[in-house]
Amino acid sequence: MQQAKNLLEAQDLTKIFEIRKGFSSKAFHAVDKANFSLASNTPEIFSIAGESGSGKSTLAKMILGMESSSLGKLSYKGRLIDSLSNREKRAWFFSEVQPVFQDPFAAFSPLKRIDHYLYETAANYKVVKRSEADDYINAVLNEVGLSLAEVKGRYPNELSGGQAQRVAIARALLTKPSLIVADEPVSMLDASLRMSIVNMFRKLKEENGVTIIYITHDLATAYYSADRIAIMLRGWIVEMGPVEKVLGEPLHPYTQNLKDSIPQADPDKSWDKSANLAEMEADEYTRKGCRFAGRCPAVMDKCRQQEPPNVQHLGRAVKCFLYETTN
Amino acid sequence: MVDTIVKAEALKAYYITKAYGVERTVKAVDDISIEIKTGEVYGLAGESGCGKSTLLKVLLGDFQPPLTVVEGSVSYQFEGMSKDATKLSEQDKRDIRWNKVSYIPQGSMHVLNPVRRIQDTFHDFITTHKGTTKPQSFEMTQAYLRDLGLPEKVMRSYPHQLSGGMKQRVTIALATILYPKLIFADEPTTALDVVVQRGVIQLLKDIQKKENSTVVLITHDLGVHANLADRIGILYAGKLVEEASTRTILKTPKHPYTQFLINSLPSFDERSAKEGIPGRPPALDHPPSGCRFHPRCPLAIEKCSTVEPPMLELAPGHRAACHLLTDEVNHAAG
Amino acid sequence: MKTIFGLFRYSPSFRIGAIILMFVVTLLIMSFFSPYKPDKRRVVPRNEPPSAEFVLGTNSQGQDVFWMLTFAIRNSLLVAGLAVGIGRGIGVFLGLISGYLGGTWDRILSGIVDSFIVIPRLPLLILIAAIVRGQMTLIGLGVLLGFLDWSFPSKRYRAQILSLKEREFTQTAIFSGMHTFKIVVQEHLPFIIPFLLADVVSGFLFAIGMEVTLAVFGLADMNSQTIGTMIYWGNYYQALLTNKIWVLAAPVGASIVVVVGFYLVSVGLTTYLDPRTRLTRLQVKG
Amino acid sequence: MKLLRTFVLPRIIQYLVVIFIGITLTFLIPRLSPINPVDNAVGRLSAFQTMAPEATVALRESLMDLYGLDGSLLEQYFSFWKRVLTFDLGPSFTVFPTPVSKLIGSSIGWTIGLLSLSIILAWVLGLILGTLAGFFPNSWWARTLENSLIVIYPIPYYIVAFVLLMAFTYYLPIFPLVGGSKGAPGFTWSYISSLLYYGFLPALSLILGGVAFRFIISKALTSTERSSDYVRFAEMAALPKHKILFSYLIRNTLLPQVTDLGLSLGLIFEGALITEAVYGYPGLGTLLLGAINSADYNIIMGITLLSIIGIATASLLVDLSYPLIDPRVRYS
């Protein structure tokens, strides 16, 4: 097979959910025409950020092959993820792409010892010989700051949240993946533990060459760790580019709004109270025109009529009429 | 002159449980003394499991077994009236709660009765303390919601018809409708999206300013504290380790734990490497001896593992409990 | 095993229930050592009240009520056991299939299951029993009861499987390279088994109850000793009017003891399964 | 209206499916039986009593029609439906030629009267006691009540009936052994009091189990609901206990239990059949017992069909009343 240029590529990727209620059903686009790609030769941390209900988790599930796409294409190393059979997923795809979930305690069965998953993973992907499994698992645990002795024979509830999340990351690393999809990996952890996990992602990218998709609602850790970021709003990617640019000087009114809303632990940066806060609308997914029009401070007439275009501006992609003319 | 409104003295509150034949004592609040002044916003911060929610329950006088106040007292002082919050009678609760002391629960979705219209819930709460009729309650509610800039139409809604952020704002309105002097808020913005969270914080700020009421705010998010609190107390493993004005805590923290906590926060100014705190918070049924932070503290000296550090007054209004600061205090004094 | 011991120690209802059931099992075992054949008549003096020789007295047919009862318990439990086995078997099978296949299959299957839940079972049972009347054996009755009692369990297992499938650890297992079969056996079954246990108990309650009901209507295998037929014959020979209360009291008492024993055990189990008490337990352990 | 489409219509369709399956089963069961029900029935009937010749002919005919093998299975199926829809189930064999529908009609009033009263009483009583016990879980009376009801709950209705029968007609003979009333029917005090007198034990045996069941469920729901955030919040605000109990707890624990009412209807109906048989109460149960003893298949069939349709209809009505009390369904 020829080497594909891109590790992961999404073209007009769309996921439509139908909400059934008795006999009526309503379709909404949880992910709507997402376009992005991750290069295979340069590992990076690609952050997908947005509020709850922005579709970022759905996107993560599609990348992991847990949800199929409704429209568009999503390919990993040149192969369409949707077209993979379960057998192919086990034989190839899962050894390449691994997840880290939000709640480390939910990610392991409370009735199973946590090392069970490590041994399963090592055995099923045949990364090492059975006799070397202990050493290998120990080595990988060392990479995340743990050791097999600390973990072996323990149930998830006997570990702290930070430890359990490290085990989850170690399990993902066992297959020597090229891509890790981490869905809100630090949101259940205390602030003091978050940095150690995020730092680990940085280290994995630099030392192991793993590309990481870091999905979060926490822009501060995204800014701290990511190389590129995509801001999602109601299924749309509204702004995407290098993180210093997108979060350094956000262009899309939504990104600005999001960034301004983060309370910072700095007494010199507390908010002035004049900010005008528009109420979020319930049906932004289905509204006509721009989905942010209802609460955008810079809203124009056409925003309510048609979908805004994707434009390149100041080194990033923005989906907004404001930057249309400069193109 | 600023009066004290709540004062906790040498407070010890433990969970004493006996299940399946095993007795367990969790020292969730262990020897904490704080004084909160009228009109200030006092923030309590700390990691999960540090005892901040337990402390709030005790300050509020709302706890039942297995949580027990082992030692110490909490006194409320309102205009010449003094009450021990840990020993409130049912009558006291009816007199004090909502009229003088109120509570904003965690940004939870289930605080409002799911089968009652918002206005009826308001009426329930108002009439308990004011004996109002339904129309009177409705009128008060309407006026208050208008005051706070909340849409009046929510009155006729059921909770499930409101968004999460609106529910939390309605809850705040419900908690403050009788203009209490003292408001306890337990993680009022957790689980809300940042944009919504901002609105909730501003609402809380407005209410506090308008009535010059006192707010005791609990959250693990120092960013929220920075925007709301006047003073911050840092809790670690059931102990108060440092207390100072918000600016002092955030700019010049003295306790090693506080320093770690502040330094581990990412900011938008720089992307230089930051470190998390090594190790994990201790279990509170068997806390470490001496200073409870010593197993995780890179600066720990021998004394830390044996002797509990005393609370030191570093400067007026700035207290911290750490052996390393003893010299600094002596130096300043000498 | 350790769990059962722990339950025995800390759950009063489980303890009492278990003791009762042990007593019931002892009676059941005693039936194998009975001095009389179960259907043999006129082996003892007739109409004797309870005494040292005849612990529960004798009936008008010259049968020893105590030894009859041991057979009755054995047969009733046999019927119930069969019914429970078949009912849970079908229930688990349909529940698992429905839960794992999902989609259209799931919709069709759960539609059928939901309908069966609402259909009252006793009238159907009576209809069937009335038609095959006389030919109904104990085994046949057990099988029949089993075929009528699968819809509730099935719905419950389906719900369990669906929620287990949604749990993140299932995803972790998938990404750990485990096959579906292995996931079901290793990851999901440990969660289902406790429910199955509690469910088995409620199945016993249903089956014993139905057996007695049919027998009271005279629709069971009237020549076998079961709790139900003992009540039927007691009534038939007018035990009440002829002042031979022990003939009726024995099976009535036995049925109470059996169902209460089973129920108390299930109460203990359910409390044990309750996530909140479970949490306390885990905390105590950790 | 949206509610109609999302809530009412699916339930009505479910209802029709249930009726369809139930009636089809009733149709199929006799035909799948290895025993020829017609021969069996004729044999049994002639063994029990001497029959008029015309009765035997009518019997054969209607038996062939109902269970027999005349025509193709499909034809039989259609004619069966026709009979069901007109509720024409042929004559009774024992009291020939009275139509089954008339016999059922004269007994059904007793059953419905006994049932509806017992169900409602048991439901209300269990709900109130259970909620109170859940609200004051540590009081002595709540514990006593719980411990005794937990033992009563698993005991089948008819066992309760037997125990009561033994206790109050044999040891303490204050209630009658059989019957439903005394004296001439009419709106007189003596007749109504005799109704209550005769109905007391049957009703009590149904109510005891029903109360125990409802109590256990209510208590569990109440203790869960009690620790919920909105109740804790109301308690924190020192709302009066009665307010919390009625407007907060009961209003919420009521909701899931209304659906239960539909399901328990089926259970109690089953219980009622036997209870009536035990007490010789003149309702469907006694009619059924007599029919079984005399192999009167038309009556058995009629009662089976009636109970399937009746219980399904009752649960449908209960289901449909749900939006009236739960705003979440009403406004979703």
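As written, the chains take the letters A, B, C and D, and residue 1 is the first residue of each chain.
We take it that a contact is a pair of C-beta atoms (placed from the backbone, for glycine too) under 8 Å apart; a residue touches a chain by one contact, two chains touch by 3 or more.
Bear in mind the structure is a predicted one, so any value in this text is a computation, not a measurement.
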Checklist line | Required minimum of steps from subunit A to subunit C, each step between chains that touch | finding: 1
Next item on the list: Look at the interfaces B-D and A-B and say which one is made up of more C-beta pairs in contact.
Entry: A-B
Margin query: Could you work out how far the Cα centre of subunit B sits from that of subunit C, in whole Å?
Written below: 53
Item checked: subunit A-subunit D separation of Cα centroids, rounded to whole Å -> 55
Margin query: For subunit A versus subunit B, what separation do you get between their C-alpha means, in angstrom?
Written below: 33
Next item on the list: At least two other chains touched by the same residue of subunit A: list those residues.
Entry: none
Check: Residues of subunit B touching 2+ other chains?
Finding: none
Notebook entry, point to check: Using the touch rule from the top of the page, what residues of subunit D touch 2 or more other chains?
Noted result: 332
Notebook entry, point to check: Touching subunit A in the complex: which residues of subunit C?
Noted result: 167-169, 171-180, 186-187, 190-191, 282, 286
Note to self: Please output the residues of subunit A touching subunit B within their complex, sorted ascending.
What the structure shows: 51-52, 160, 162-163, 190-199, 202, 217, 219-221, 223-224, 244, 247-248, 257-267, 269-271, 273, 275, 277, 279-280, 282
Checklist line | Contacting residues of subunit D [partner subunit B, same complex] | finding: 228-230, 232-234, 236-240, 243, 247-248, 251-252, 255, 325-328, 331-332
Next item on the list: Note which residues of subunit B are touching subunit D in the complex, please.
Entry: 60, 62, 90, 93-94, 97-98, 103, 105, 108, 110-117, 120, 124-125, 128-129, 158, 160-161
Margin query: Under the definition above, what is the set of subunit C residues touching subunit D in their complex?
Written below: 13, 111-112, 114-124, 126-128, 130-135, 205, 208-209, 212-213, 216-219, 231, 240, 245, 248-249, 252, 255-256, 259-260, 262-264, 267
